[in-house]
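Down below is the structure, laid out as structure tokens.
We call the chains A, B, C and D, going by the order they appear; numbering starts again at 1 in every chain.
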Amino acid sequence: MTHEHTLHLDPKVRQEARNRLLSAKGHLEGILKMLEGEPYCVDVLKQIKAVQGALDKVGDMVLKSHLEHHVASAAVRGDTQQMVEELMEVLKYR
Amino acid sequence: MTHEHTLHLDPKVRQEARNRLLSAKGHLEGILKMLEGEPYCVDVLKQIKAVQGALDKVGDMVLKSHLEHHVASAAVRGDTQQMVEELMEVLKYR
Amino acid sequence: MTHEHTLHLDPKVRQEARNRLLSAKGHLEGILKMLEGEPYCVDVLKQIKAVQGALDKVGDMVLKSHLEHHVASAAVRGDTQQMVEELMEVLKYR
Amino acid sequence: MTHEHTLHLDPKVRQEARNRLLSAKGHLEGILKMLEGEPYCVDVLKQIKAVQGALDKVGDMVLKSHLEHHVASAAVRGDTQQMVEELMEVLKYR
């Protein structure tokens, strides 16, 4: 897709996404440490869920930025069909 | 909760969970690397979704093991109410 | 599966589930009425989401009752494998 | 919001959505009938999940139409912020 090289993620959102993913990585490392011991299943499930929640938030940030900066102007660029199809694909089973 | 110290995650499942979480961590590091460049939003969303899918699988493994080894025998131990309530809590918004 | 004929949904939960499903059906009829006019897309999405939320609640009630009355006693009956497998199947993509 | 009165759901999508919702309503009535007897919990859960799947499909149709016909042209109309915010709200916890 030709637009991939021009429709970049907004730099401010990109920085914030990095910070949040670094924190999610730290959280994941915590679960790995936990699994060196003998954790209770439900505690592991809770921690996995917390990381999922953090990833959801990063995804929402990126999605919002994409809608604002790229999808909302699709009619101007003339790539509406492509933008909508790839977005529907990525929203599936969300 | 007193049972937390006795109802440990099955060692085989724990090992498999560790392997999968290590792989998810590697994937997350790949997204962080991606964000040092100028990625397309939808590519970032796809990668986040892939990590979520990997975490879902780890969660499913742990959940299945918990149901088999701990929830299915709750009536024998006499802690059904507690087991069910904490499970419903962790399944919420899954 | 032979147990299907003996492990019935608890009567009190069944009655509450019926009431909630009747209300969800009323809500669905409201969306159908809405679609006879010229609604705004986002208003339709909000209403569909509200019905989904109501169905989630019914599902949670039935699931909780099933865990309490049937899954927690699986070890006693000796059908743990079957109970866990069918439960994991129904929880998938929840 | 002033745009609500002009950005109507596309008539073809609206008709298809009606047909699918009528079918979901029939399915819901089937579950209600099921609950007059003594169903097995997991069978009820499966049927609820099927209705949810049908509603997901209607939601996806409406969402796709909204993205194509309204969100993609937001920059032209000048209501990007409003369109994106209400969309993010409706996508939350999807």
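We take it that a contact is a pair of C-beta atoms (placed from the backbone, for glycine too) under 8 Å apart; a residue touches a chain by one contact, two chains touch by 3 or more.
Fair warning: this is a prediction, and the values are worked out from it, not measured in the lab.
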From the C-alpha centre of chain A to that of chain C, how far is it in Å? 29
Suppose each chain is reduced to the average of its Cα coordinates; what separation in Å results between chain B and chain C? 23
Taking the mean of the C-alpha atoms as each chain's centre, how many Å separate chain A from chain B? 18
Note: chain A residues in touch with at least two other chains are 63, 87, 94
Arrangement of touching chains [line / ring / star / complete / other]: ring
Give the pairs of chains that touch; include all such pairs. A-B, A-D, B-C, C-D
Quick check on the complex: what are the chain D residues that touch chain C? 3-5, 7-9, 14, 17-18, 21-22, 24-25, 28-29, 31-32, 35-36, 38-46, 48-49, 51-52, 55-56, 58-59, 62-63, 65-66, 69-70, 86-87, 90, 94
Per the touch rule above, chain C residues touching chain B in the complex are 60, 63-64, 67-68, 71-76, 80-81, 83-84, 87-88, 91-92, 94
